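Letters A, B, C and D mark the chains as written, and numbering starts fresh at 1 in each.
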């Protein structure tokens, strides 16, 4: 469901900075349906990959073989991301807060962490430079606290300031795709707000997975369930071994 | 003669930043005699070239075919030259002055030049970064004025200051190889001084080609004439069409 | 991002659509792959007030200066490589007449750094250069920045972000995924720095040909606006694996460019006098002697 | 510049000569071409107090941390790619015991920029990054510089110049002219940034093989100190065209690294318990299933 919803957010011909797992599935689903000319860029330097198998890591050799271009990582970050060529970036994280800030660094204090997470990778600069980002994360009170313990990837109003005041080129997280609903950026408040519910999900279900008083858009939309074609592609073609499709 | 003398300045295994013409001939002569493992780098990005014909331009395709590496020019200037990997750089110019400054930009005032020369190319940064440089130029009062009209490539004491005060990594022009004599850097004064005479050349012959009162080293050396092997290689193998050997 | 199918077009259309009066235009290629075909079409379409930027103006910018296209030249070495001078350029600088040419001058490293900054969309690039030289005195755009770690002053140059960059290449697919081998110059940086990119190729190849060897791709299609197929389009410069440099023409340019009349006659015959590159080539029957010999390397294994 | 003939040497000699206690050591390779063979030899020779730097510490630095080689880790993403955590690293950071591990943390772009500055021998590199994040708060080495043209503040990172960089590659000649295809990561920058460079290759090839395709050369011999021939030396990571990633081992590491005892037993059996890489491979009979299939690309013409 999350993969199908994420796929619908991508437009044909767009340049997408993509990670492994659900984002990769979503991109491949979009390519197999409405966006055949989506250009996938991996931080490892593979551009326009058409992997013949589901890549298990961001540097999988299947992303290289048959791709349009392989370049060094300096080019990826300078000439593509910082250059403003990336239209969509996918982000995920252990914590996403009220303002769309993401933490992939530490739970607890930095010097004495309760849980040491992997850190930024390329997420910090994707959050800053991609023209828009899509956050993909499952709801839960620990995953969606009011404030993240550490801002790895800045959201809509980092440190209480507008992105453009901080000279961030990209628009930031326009949508948060969860397992129960779609949250959206609210331009006026800089908060992420409830925009659309998955079939069978109620507002209290979503609120239960969020650590602050969630604002709801007036006139909540209903997210269409995956079509049979989407389900067939995901289950039979794109992830037959269910490496990333857990539901 | 100049090519043979320049060749003798090169040591086996050194990395040389080389231009077209006499420097190229000198390097190839050195490779054919005492320095077979000289590594030639051209600013065009060819590394370790072994041209099958005498290159007519610095970007000749013969410098690419069979070379060890071809890289972009950003790599040449950043990762090789600025990185300090170039041991010897060859420089020439329309004017060379008392302190080894070179002018390849303009004769006369910059805004209203009498003669507009090509400009720096890579010479400015070669003069600054190569661990040592060799200047190759024919003597003449206009070619060796007391002060150049424009400092394109800084010499031993640019703007009256020591190179290390200006944080220049390289030692600058250690020798000036002319058609009549070898001049050398004098560490104490920062001047280029007469060090060795070619066969049949007198001190006044050299002074006549220099626009200031030339200091002579005590105990002038005599430059050995080209050996029969050097002459044979230059005339029959390296430049049979006499493209660059004019004498 | 324009539609994929529409990127392939004739040179005439590419220049008409993407090169405008007053633009900053870059035709890059260091000795190798200099796109004379595009330069000639710009002359033919009588573009004016261009700022021409390039490390080595070479014969093509000398022709464009002689034809009156240029208002300004940004460069680092303005000579006829291996031969001598660019006389149209020298006339404009040594004896500025009715059409003065503004110049802005760097060293090669400075120009490379300007393109690198442009490609990275940074406003400047630091480099250790220019101390003890007269270049910053005549070019106030060369400045300095203080290192926040060591406190030392380093030189800086400002980013160069052309309106349009034209790159000649051995091959590309219809979307503009472009492969180059041999000397690479600063084409990649210039293309990424540019608002618009025209790629001119010796051969249009199937996307699969590009995908079979992705490490050779220098410019991705996503930054390319037009793909022009123009065999021999770099003559009299060269294309590794396709044809050698026409050194006789470089030598001949010394005399042609020395005389404004001869230069005009050259343009009349070989640029204005022909409708396109194909007609130019019909006037160059000798170029076949420049055809490259075979020196094909072995492929590598991309399997896993 | 050491003598050419002497560069080719066994891994044992290369590590003994070029990796010293207290060094800053970089084994680069982004998922691709991670030189486990060199990491194991460093563990075997019981190097201590190393500063290990790498974008993605990956399993190899987790092993080196577990073995007690590291005093400090400089990194941008410390996970088991596609699997989960690096537990030796996590233990050292979450519950620092008798052997605390200092960490210095950037994003990928920051690490790439540090190597770029190192390769260019500049003291810093500017980038548009880190605004609105907590990274500069916990890493004071992330600073800012004011653009001399626009007046805006840009982030900076300091150069990273390792004492020794180890790069695994598909092939090199005896002088260390090294060719890589597939993912290139930051190996070129890391090598140029380093005081010493060890290249480890799947195949030692004749100089003529390198010269037949010079555009594939990523690292020139002039910056290389040692060439080690070690087929399968990147296992369990991979080498495009040679062997696939051993994903089963990456998955298995989750459990091995979770238990200090199991980690010790792993090192005892596969690192301390073998004299060299050949003996390690004898304990990995299943690796042949990872051998790459043939997907050889066509060559290109370097003729003129």
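A few remarks follow.
In this text, a residue touches a chain if its C-beta (ideal position, glycine included) is under 8 Å from a C-beta of that chain, and two chains touch if they have at least 3 such contacts.
Values in this document were obtained by computation on a predicted structure and should not be read as measured data.
With contact taken as defined at the outset, subunit A and subunit D are each touched by C.
Rounded to a whole number, the gap between the C-alpha centres of subunit A and subunit B is 57 angstrom. With each centre defined as the average position of its C-alpha atoms, the distance from subunit C to subunit D rounds to 37 Å.
If you average the CA atoms of subunit B and of subunit D, the two centres end up 39 Å from each other.
Within subunit D, the positions touching two or more other chains are listed as 121-122, 127-128, 152, 181-182, 184, 188-189, 212, 215, 238, 240, 244, 292, 295, 302-304. Looking at subunit A, residues 46, 61, 64-65, 70-71, 78, 82 sit in touch with two or more other chains.
Applying the touch criterion to all chain pairs gives A-C, A-D, B-C, B-D, C-D.
Considering their complex, residues 13-15, 37, 39, 46-48, 50, 61-62, 64-71, 75, 78-79, 82-85 of subunit B touch subunit D. In the complex of the two chains, the subunit D residues touching subunit A come out as 30-32, 55-56, 75-79, 81-82, 85, 89-90, 93-94, 105-109, 112-113, 115-116, 127-135, 138, 152, 181-186, 188-189, 238, 240, 244-245, 247, 250, 292, 295. On subunit A, the positions that touch subunit D within their shared complex are 20, 43-46, 56-61, 64-65, 70-74, 77-78, 81-82, 105, 110, 113-125, 128-129, 150-154, 158-159, 161, 163, 166-169. Those residues of subunit D that touch subunit B in the shared complex are 1, 3-4, 119-122, 177, 188-189, 192, 207, 210-212, 214-215, 217, 220-223, 302-304.
The touching residues of subunit D, counted against subunit C in their complex, run 121-124, 126-128, 143-150, 152, 154, 156, 158, 170, 181-182, 184, 209, 212-213, 215-216, 238, 240-244, 292-304.
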